[in-house]
């Protein structure tokens, strides 16, 4: 039997340990950039691998995550200072009261898509009724699903929706356990490859424009404007490089993503790799916020997205990139 | 000694086994005859193969050379004609006292009132009628060994093989158990081989003592106990002297 | 252990008052919740990433009110119970087989030993290929997770059966299957009980992994979904439910064992 005093000492030690592991308020000498494995984050890989951060006097270490959600968690937990992810998880985080600001978007894309099996009788969005459809909740493809369903007068309950990670979706679709899935590249590409001639891709079009965002802790951004500007300068150099050297950029990014360069070549055209902050991003995020708040129920109010856009440094570095 | 017929016979028995890669010669050229209704005690230093001899008779082991015969037939495996009581792990802990005693009769097909009756009688005989629904771990070691005897006798074997059954008991309990064993045995006079390292116990119980040499075990002495009826033996004046004599033979 | 005490105290009647049995565990849980509350309120961590238990409890109340909690519990409970039953039965049978026969131990046993280290998450795509996506696949993964501890323990039990029990039973006339049933399996019950106890948790791990894919209901799904949507209170509420449920199931199982197996004191705690 443990004596009460020893138990109390143990609990106190545990509390101390927990405190010691907490986030520190010191300005880090090394910056950690938490990144997902995803094509829209290409400018970040280029800036990293071409040494543009180093050229700006920054010591940046990248941490790669299989999903943007995890990369975002790393930022929120104070374990990273810079972070990239699609705008949808950022909106979910803001809605739940997390402290995060977006200093720039580094791409605009039509990556979130629906892949459906035509041999299961799906040739229009309306055909999804009663079908088994996979999504990964909280992602931009998930948001696109809800927009597409609403647009065609379908409620989520009209489909048999199931959750899944994109690599599993490819297997499940080929196996026939699902009839369609909402995901992003390269998983749409792999699904088409698995079932040649038996699938159809639905692009988001006007319904949804995806953005890869660059995010920071608001206090960090406010205290370190010089660092924010240096990060943006490096990313702008990467944008320039991607425009001038597309082949070398594709080679570099395909190495980072461990993806066949041929596949990336096909997807490259869909990416608008551009450092910017504009009305369309804010509108898109506001729409997502409205939808997410309604999804929560209980009268949750949509977040004020504009308050989470930190545009001052990008305005100073490249005024034309900011159109708010 | 009442019958000249050999109930159990060991003929030039050798036993060698592997102990973690090391060959151990437990017995070599062991010769022994036990007559019907005879009560013998096997004595010898630790590790001399006393228990091995018993396990061969039970049919748990097969000799590497020679043969073990019961009623003239070679032993090919365990059988209900030979009952066994061990020193340790004797009773099934997952069964009640009556479940243990009724194990053999149940396998013989007895059920219902007949089974209950024979179990109750067997427990009555060992003085444990009140403990029939207890589990073995709830009993003292002495009580557990009483159940062990009841279980062996309830199956009515021709031969009883007892492997140091009272070695873990205190002196007083051991005396009580020796008396109990004799009273149970005297009704049918089964053939008994009793392994012990207690010379006095052997002298009190046996018709004949068989002494084994250290490993590899062979029979070195075969002594008919020169004492009268068992009831008078504890008070017999020759007992201490005999005990000394046999002990010195064991030590030499 | 006194060897010759006339009668040892009986484990059934030796339990202390029920209140004392509960006091320390309850106090420990309360202390853990208090510590959690204190750390969450201290501002050490962002409150939106590490909410206090009171916030989780509010979220739980909300989930119960909308019927979501009930639906999740029903979905997971069904998968868990079926998987546990199938997995444990398979574990006992396999353990008995590999424990009894050396050739099976070196063939099938080796294979099982190699397979049991595979993380459940990695199995899901394979299970999906064989069984398709759905309840069968989730139950199968849960059963897979439940089978290993029981298999290993049953095998260990079979290998450790004291030879005296086997010999005594043989002298009393037990042979073949009857011998295995009456002696080996009965002797293994404490091992099997310990294995089942571990499998209550491993089945939960497996089910949680299975619910990450191809589900839209269940506690594992709910925890993951809440994480994805940054609904951390709900995530914590789900974790709390799983932990308390695990504790309650373990207690219930051990209470049932104490009632059903009074002969095996070592199985009681």
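For clarity, chains are labelled A, B and C in written order, and residue numbers in each chain start from 1.
As a working rule, a residue touches a chain if its C-beta (ideal position, glycine included) is under 8 Å from a C-beta of that chain, and two chains touch if they have at least 3 such contacts.
These figures come from a predicted structure and were not determined experimentally.
Visitor: Using the touch definition from the top, what's the fewest steps needed to get from subunit A to subunit B?
Guide: The distance in steps between these two chains is 2.
Visitor: Grab the C-alpha centre of each chain and report whichever is closest to the global C-alpha centre.
Guide: Of all chains shown, the one whose C-alpha centre lies nearest the global C-alpha mean is C.
Visitor: In terms of CA centroid distance, which chain is the most far removed from subunit B?
Guide: Between subunit B and every other chain, the largest centroid distance is to A.
Visitor: With centres defined as the mean C-alpha position, give me the subunit A-subunit B separation in Å.
Guide: About 80 Å, centre to centre.
Visitor: Can you check how far apart subunit A and subunit C are, centre to centre, with Cα atoms defining each centre and the answer in Å?
Guide: One centre to the other, that is 37 Å.
Visitor: Which integer distance in Å separates the CA centroid of subunit B from that of subunit C?
Guide: Centre separation, subunit B to subunit C: 45 Å.
Visitor: Check each residue of subunit A and list the ones that touch at least two other chains.
Guide: There are none in subunit A.
Visitor: Tell me, which parts of subunit B touch subunit C in their complex?
Guide: It is residues 55, 58-60, 77-80, 82-84, 86, 88-90, 92-96, 103-104, 107-108, 134-143, 151-152, 155, 157, 168-170, 173 of subunit B that touch subunit C.
Visitor: Which of the residues in subunit A come into contact with subunit C in the complex?
Guide: Interface residues on subunit A, with respect to subunit C: 1, 7, 11, 14-15, 18-19, 22-23, 69, 73, 76-78, 89, 92-93, 95-99, 134, 136-139, 161-165, 167-168, 171-172, 175-178, 292, 296, 298.
Visitor: Using the touch rule from the top, collect the residues of subunit C that touch subunit B in their complex.
Guide: Against subunit B, subunit C makes touches at 3-8, 10-11, 162-165, 167-174, 178, 182-183, 186-187, 189, 261-265.
Visitor: Any idea which subunit C residues touch subunit A in the complex?
Guide: By the definition above, subunit C touches subunit A via 24, 31, 35, 38-39, 42, 44-49, 62, 124-125, 128-129, 132-134, 212-216, 221, 224-225, 227-232.
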